[in-house]
Structure formats: C-alpha cells, structure tokens
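Okay, so subunit A shows up in both of these, paired with subunit B first and subunit C after.
Our next item is the complex of A and B:
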C-alpha cells in the first residue's frame, strides 16, 4: 500500500469536507459530513494497524522525479507508525464523539476540516525524513490547533486562550526553526541519517558548544508544545477553553507530538552516547511533574484539573526519555536499562493518550449536561450518568497507576530502569521524587473519582440524564481499551518494543533510519 | 523610571546587540573571526531535492489558514445554555 495513503486521505478529506457539508445541507442530512470525517479517520487507523501488524516496517518511500525538487521521500518506522496509530485512533474517537457533542454549533464544516488537518499535520511530523519537512507539517498542525482552541469564539475565555497559545507556540516554533536553520548551516543537510553521520563523525570542526546550543533550542522550542515546565503556561488556559473534544486531542496527542520530535531528534541526530543532556531532561521531567502536581490540587475547574495533570504526565514521559539518555551516556553497556526506560516512557505515551482522551471526553459529557465545569457542582453526577461515570472512573484509575492497570506498569518500568544503578546519586534521588509525585497524583485522581461518582448528587443535578449514544460510545470504547491494555499487556509491550528498537538502533547504526 | 521604559530599554539594547552580532558592517565594525563554518553555500542539493511534499503541504497550510479564518469570522448563534466558567479566585 502507498505510504502516502493516510496523508492523502486526511488532507483530501479535509479539502472535501466543506463540499460534503454543502451537499449534506442541500439534502438536509448534515450527518453525512460527520460520517465523512469519521470515514477518513477510520481508513487512516486501519492503515497504520495493518502496517504495524504486517511487519513491513521500516518503510522507506522515495519517488525520484525530474526536476529533483519534485521528488518525494518519506519514511515510516515502528516509532512513526506507533505514534501515527495513536493519533489517528484518537482522531477517530473524537470525530465520533463530536457528532453529538458539537451538534447545535455553527461552523462544523470548518471544525471537521481543521480536525482532519490537525491529525494530518501530526502524522506528517512522524513520517518526515528530514527536519525541514517535519517543520512544515508541524506548522500545519499548529495552525489547525490554534483555531480549534478558540473555536467557540463568542466566549472571552476561548479567544484569550487561543491567542495565548498562538503567541507561545509561535515563539516555540521560531526557536525550533532557528535550531533547524543552524543545523542546516553547519551540516548542509537536514536529512536525519545524513545529519547523524555528519555529527557523530565530529566532522569538519563543528563546535561542540554550537551543538549543545542546538540541543537546548530543540528541547525548548518543541518543549513549548510538549508543555514542559517552564514552557507550559499556555496549556492550563487552552485545554479548558477549547471544546472538550479538542481538549482530548490536545491533551491526548498534540502535546505528544512535541515529545515525539524531541525523542526523534535527540536519538536520531544527537546520540546520547556522545552528548550529555540526559541529566537536564531528568531535571526538566521532575520539575514538570512536581509543579503540575502541586497545581492540580489547587484547581476547582475539572478541565483545568485534567489539564495540569496532563502536564504532570508529560513530566513522566520526559523523565523516561531523560533516564534512557542518561544511562546510555554513562552506562552504555546497559542497553537493558536504556530499553526499559524507553519502554516505560513510550508505554506511558499510549496510556496517557487513551486515558486522558477518555477523561476529557468523559468530562465533556458531564459538562454538556450539567452546564458547569466546577468540580464542587459536579459532585455525584456519576450516579445520574452511569456509563459515562464508570468509563471516567476507569480512566482515573488507569492514570492513577492503580495496580494492575496499565498506567501502573508504564511508571513501574521507568522506576525499575532508574533503580538499575542504585549507586548513581542523580538516579537514586530522582526515583524518590518520582515516587512521591506518583503517590500525590494517585491521591488526587482518587479524590476526583470519589467526588464525581460516589457522592450524592445535589439538587441542581436532579434532572440530569445520560448523554446521547454518539458521545457515550467513544468514551466507553476508550475505557474498554484501558482495560484491554491491562489484560493484554504482553502483546502491547511487544508492539512497543518495535519503537524502542527503532530508537535504540540509532545508537548502533545511524543508517537504521532508512535514509539515503 | 517606569517599568515599561526599562523593559523597552532592555529590548532596544538586545536588538542592538543582535544587529551587531549578525551584521556588524552596519556600524562599520569588522569581524575578526566566526566560530560557525556554514556549509549550506557549498552544498545546496538538500534544499532543492525531495521538496514536493513540502510544497504541497504549504498549499494545504494556505487552505488551513483560510478555513481557520472562515471559522473565526463565521456568524454564530448560541442556542444552548452555556457552561459556567470557573473563575480563578472566585467562589468554588
């Protein structure tokens, strides 16, 4: 199958959405437009599922044409396919959810077109074979997400949050672009495999301080979207202000795209065995989770609560990356610990994408019915909306890391990797801070669970009923997936071992990316 | 002195430093050496190869921008009751 198929499906679907919308209004059946978007996501999800299970990875696709600028070169390895599958699957769930959730709103042609473009941008980022193409797709993703955050433009909150996100993300993108242009300046290429060869050979007097400067800018630039503290301040405003379906996308997958680029750039270009940045990432990870976990406790707004907890979870993911690169630098022979930290981190990407997608969609169900985001006023709503509440509780238990849920295992793997060198002071101390953060997080997730589901509902919730099936079904599916991830953990870990091997492979053979 | 004036002064100073660092000829300052040896002028093949996807995606960026503007300037009628916004520092 043509590797361009997912991009063509999503982008073609996006361009055609306004036309399908016009047609569906003409025949007075607007659900056709919604079905169109769902179909595009379904095709993409099926494509990546097939690609992963067929074992045809890595897939290198090049079409040589004259003039040479018109040629095409893309690459899908296990890591790209894994991330793309998560992106497209959550896009599918969100598009189904939007049928009920967004009904009654105007501008739905634009909404679905931008949702498709958003996912196309994210998938493009993972498929890019060079940093220039990656950046172009990155911008496509950003443009869509700014608008979707401020989609409910009649509210001051959405406009303010969208503008803040626009300003901060643009500054981050510019920092990233500067690092990319510096790399191009010193290496004459941005192709991942060529860059890794040039930089690892220490070729032609490239200043080490310049390379560390570039690493710092990559982490800071893409770290804005990944919501690493202190670049996170856009997120607690943007997630509550956006429609809940978009909050699920932002929290579930958009911030993971920032993490993906950091993972890919650092492992593919700046080998952790040669460059020391692991300790900085560990400190960023710890700072991110600690600040966010403290902030969560202060929140009264359920979406802001979930938004801060997303930042904390990004801290876990960045910590896993930091631990793997730190061990790869100081204990290069201990590939098992490097793999375990990466496995935990990438497994947490999946757990958090599914879990937080579920929580935001579930919170959207409650908010849609109760017309409030205030946790105090949502107390006991679970008793009125049993399906949503049970699904929401599964998501909370998963992210709380309650054994045996999959959220427990991803954090456990990172801890085991950190304890692999008990005499290392940084790893040892970090483990203690990490465990304290996990316990705090478990406490506030369980606190939210008991407030939403176990308490008696107040008078104002007396007329509340369960939401429409199109909203409940994706929430229930995501809850089932949380349980399936726990029950079938062995095949899931087999699946994630592919991306781990793809990243570890860079440490041994730079040409593993399948480049020229 | 007001805080805004101090910030403006700092920004102006930073701008001047940046201009001097990037293009010292403006102030007739001659550059003795430069630590980064740029390669892209010697090897330009990268920027002229495999760019079809980028060009196509830039076209889609224009489409996305047009769609975004269309979404933000659309006429809107709010029929349903709006959800209550929790204001920080307000009553919980």
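Our next item is the complex of A and C:
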C-alpha cells in the first residue's frame, strides 16, 4: 500500500474540516464534523496496524521530481510504524473524547483541523528519511501545538503559557536547524543512510569536536520538546493551560516525538560505537527524573501534578537510551544488554503514552464536572464517578509500576540492563538513583489514588454525576489497553523487538540499510 | 572558501545577537524580533554551507526557501498570540506576565 496514505488522509482531512463544518452547520447536525475527524484517525490507525501485522517493512516511497536534488524520501521501518501507531491511536481516542469534552466551546472547526495537522506532523517526523523533511514535519507539529495550547484564548493562562511554549520551542527548533545546516555543510547530504556512511567512513577528515558540537545541539534542540530538565520549564505551564484532550496529546505523544528524533538521529547518524555521549544522556535522564519527582510533590493542581510526572517519565526514557548507547560504546560485544535497555525504553514509551493519556483524559472528566483543578477540592470525586475513577486508578497503578502491570516491566528491563556490568561505577550509582526515583514516584501516584478515589466526597461534590458516554468510552478503552498490555505482554514485547532490531541494525551493518 | 567562512561567521554572529535580544529585552515584540533574527541567521548559514564557486547548491536554496516559509508561519502564530496577550494585560512588558510559576 502507498506509504503516503496516512499523511494524505490526515492533511487532506484537516484541509477539508472547515468545509465539512460549514456543511454540518447548514444541515444543523454538527456532529458530522467530529465524525469526520474520528474517521480520519481510524483510517490511519487501521493502516498502521495492518502495516505492522503484514510485516512488509521497511517501505520506501520517493517523490521523484525532475531535478534529482528536489526529491523527498519517505521510509517506514518498524520503529516508525510502531511510533506512528501510538500517535494515531491516541489521536483517535482524543478525538472521540473531544466530542463530549469540547461540546460547549467555539471554534471547533479549527480545533479538529489543528488536531489532524498535529498528528500528521508527528507521523511525518517518524516517516522522514532525511533530516530536512523531518524538520519540516517537526515544525508542522510544533506550530499546531502552539495554537492548540493557547486555544482558549479568552483565558490569560492559556495565552501566557502558549507564548512561553512558543518562544522556548522555537528557539529549540532553530538550534536543531542550525545543527542540521552544519551537518549539511560537512556531508553535502541530509539522507540518513548517506550521512551515516560519510560520517563513519570519513571520520579522519572531519574534526571530531564539530561532530560533538552537532550532537550536543541535536540533543539540546530536540530536547526542548522532549522536556529534558534544563529545558523543561514550558511543560508544566503548557499542560494545565491547554484543554485536557490536548494535554493528553502533548504529554502522551508530542514529547515522545522529541525523544524519537533523538533516538533516531543518534542511532542512525552518530553511531554510539564510535561516539561517546551515553554518559551525558544518563546524567540528563537522572537529572530530569530527580528534579521532576521533587517538583511533583509540591503541586496542588492535578494537571500540574501529572505534567511534572510526565517529565519524570521522559527521564526514564532518556535514561534507557543513555544506558543503551553507553553499553554499546564501552562493551560493544554485549548486544543483549543494549537491546534490553532499548526494549525497556521503547516499552516505556508505549506505557507512558497509554497511561498518561488515560490520566489526563480522566482528570479532564473530573475537572469538567467539578470545575476545579485543585486536588484538595477533588478529594473523593471518584466515588461519584465510578467508571472514570476505576480507569483513572488503573492508569495510576500502571505508571506507579505496581508489579504485575506493564509499567513495572519497562522500568525493570532498564534496571536489568544497567546491572549487567557490575564493575561499572557509573551504571551502578545511576541504578541506585533510578530505583529511589521509582519508589518516590510510586509513593505519590498511590497518594493521588488514595485522595481521588478512597476519601469521602465533600459537600461541594454532592451533585456530581458521571460524564457523557463519549468521554467515558475512550477513558475505559485506554484502561482496558493498560490491562491488555499486562496480560499479553509476550506478543507486545515481540512487537517492540522489531523497532529494537531496527535500531541495533544500524550498529552492525550500515551498508545494508541504504537505498532499496 | 573565504566567502563561505565569512558568511558562516556572519550567521553565527546574527544567531548570537538574536539570543542576546531574547535574553535582555523586556518587550514581547522585541522577543519575537529576536526569534526572527535567529531564523535569518540560520537561513544564512544554510546558504553559506551550500556555497559553490559562483552559485549556491540547489538543495541549500530549496531548504532556505522552505525554512523562510516556516519562519513566516511561526512569526504569524507568535504575533497572533501576542495580540491576545495585549488584550488580557494591556501591556507587552514581560515583568507584568509573571503569574505562571513553578
């Protein structure tokens, strides 16, 4: 099947949304527009599930133009299909949720159009086979998310947070573009496979310090969106200010896109066997999770609480990447530990996308009914809204890493990989910090669970009822997925071993990944 | 070769000026101008990297043109958010926009 199909569906759907909205207003049945967006996401999700199921990866597609330099290459390997499936599935859930959640708002044509563009940008980032195409789709994603964060422009909070996000993220993107331009100056091409060949073969003629400068700028530039700690300050403002559905998208998938680009560019272009950056990534990961876990405890606002815990979870993912690159550099024969760390990291991407999407959507249900974000005022609301509360608890238990749940296994894999070299001091110390962080995180998740669901509801919550079905259904589906991931963990790990092999494959046979 | 180094250095200086502008100015409009200066510096760097004898490589030209278009889109979004900031606060002074903390 044509690899451009999902992009065309989403972008075409986005362009057509205002027309569909106009039509639906004319016949006075505005749900047609919502159904339109849901349909576009459904097609995309089915496409990627089919792609992974059929196993015909990697797929190539080149837009050949007459002067050969203008052609664009699209390449879907199992890593991009895996990430795109998560993105489009969460987009589907959020669009179903928005039918109920956004029903009282104005400007919904723009909302759905931007939501479709956001997911199109993320899918384009995963599919791009050269850095400049990646950058174009990256900006498509960023611009639509700036607009969605400040969507409720009649509130001061949304506007201020949106501006802060815009300034920080734009500077990050520009730093990344500067590093891409330097890379172009060195290699004369931006295609991933050609770049990796030029950099690994001509390592003597290119000064190493320039390459390390480029690596640092890639990590810093894309790390702004991935919320690595010194660059994280936009996130706890932007998540609470956005509508809950958009917070779920931002926290579930947009920050994962930043992590994806770091994974892909480091593994595909700067081989970890030749360049040493693993220890920096480990330190960034530890710093991210420690700072975020301390900050979570101070929060009184439920969405800021969840936003800071997203930063902590990004710390786990970055740590997993750092551990895999560190082991690949110093112990290149130990492929098992490298792939185990990558497996844990990528599995945590899935767990966190599903779990944090669920938590933000569930928190959105509570906020919609109680009209407050203060945790103290939301105490005991779970007793009044049983379905949302049970799903919310499943999400909390999953992210807390309570042993049978899948959130436990992803962290466990990273720890096992870190302990595979007992004489390595850095890995050893960082394991201790990591385990302490996991325990602190489990503590505050269970504390939130106890306050939301087990306390007696207060006076002000006496008239609360369950939200409309279109809001409950996606929350319940996501909770079911959390449980299914736990029950069928073996097939899921089989699925993730595809992306892990795609990344490990870069280390050993760079010539085999080139053109078709 | 001399021209390439010259342009690359000019681009770097422009990027640093943009950073200085963002870090030191208190007016939101001037921050947006700082972002634009960085964008122009990066675009100039792309062209400098693609510089040949008498012309610029077509790939670099293509990238610079697309990047200018993206920069224009970012500027449009940032100015529209800025108008909304002005409606709420009646000022563009960053010292007055400090309600979000922690």
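As a working rule, the second predicted complex is superposed on the first by the 500 of 516 C-alpha atoms of A that agree within 3 Å, B and C clash if a C-alpha of one lies under 4 Å from a C-alpha of the other, contacts with A are read in each partner's own complex, and residues count from 1 in each chain.
In this text, a contact is a pair of C-beta atoms (placed from the backbone, for glycine too) under 8 Å apart; a residue touches a chain by one contact, two chains touch by 3 or more.
On a predicted model such as this, the values are computed, not experimentally measured, just so you know.
Using the contact criterion defined above for the overlaid structures, shared-chain residue A:295 touches subunit C, although it does not reach subunit B. In the superposition on chain A, A:136 contacts both subunit B and subunit C. Contacts of A:43 after superposition: neither subunit B nor subunit C is touched.
Subunit A is touched at more residues by one of its partners, and among subunit B and subunit C that partner is B. Looking at the shared chain after the overlay, A:185 reaches both subunit B and subunit C. Touch criterion met: A:15 reaches subunit B, while subunit C stays clear of it. Shared-chain residue A:177: touches subunit C; no touch with subunit B. Of the two partner chains, subunit B is the only one that A:111 touches; subunit C does not reach it. In the superposition on chain A, contact of A:74 is made with subunit B only, not with subunit C.
Of the two partner chains placed around the shared chain by superposition, subunit B is the only one that A:207 touches, whereas subunit C remains out of contact.
Residues 67, 69-70, 132, 136, 139, 143, 146-147, 150, 153, 157, 182, 184-185, 188-189, 304 of subunit A touch subunit B in one complex and subunit C in the other.
Contact residues of subunit B toward subunit A in the complex are 35-40, 42-43, 45-55, 57-58, 60-61, 63-65, 67-68, 70-72, 74-86, 92.
Across the complex, subunit A meets subunit B through its residues 11, 14-15, 18, 62, 65, 67-74, 104, 106-107, 110-111, 113-114, 117, 120, 124, 129-130, 132-133, 136-137, 139-140, 143-144, 146-147, 150-151, 153-155, 157, 182, 184-191, 194, 204-205, 207, 210, 300-301, 304, 367-368, 370-377.
On the subunit C side of its complex with subunit A, the touching residues are 8, 15, 19, 22, 28, 31, 35, 38-39, 41-42, 45-46, 48-50, 57-60, 62-63, 66-67, 70, 73-74, 77-78, 81-82, 84-85, 88-89, 97, 99-100, 102.
Residues 67, 69-70, 132, 136, 139, 143, 146-147, 150, 153, 156-157, 159-164, 166-167, 170-171, 174, 177-178, 181-182, 184-185, 188-189, 236-237, 295, 298-299, 304 of subunit A touch subunit C in their complex.
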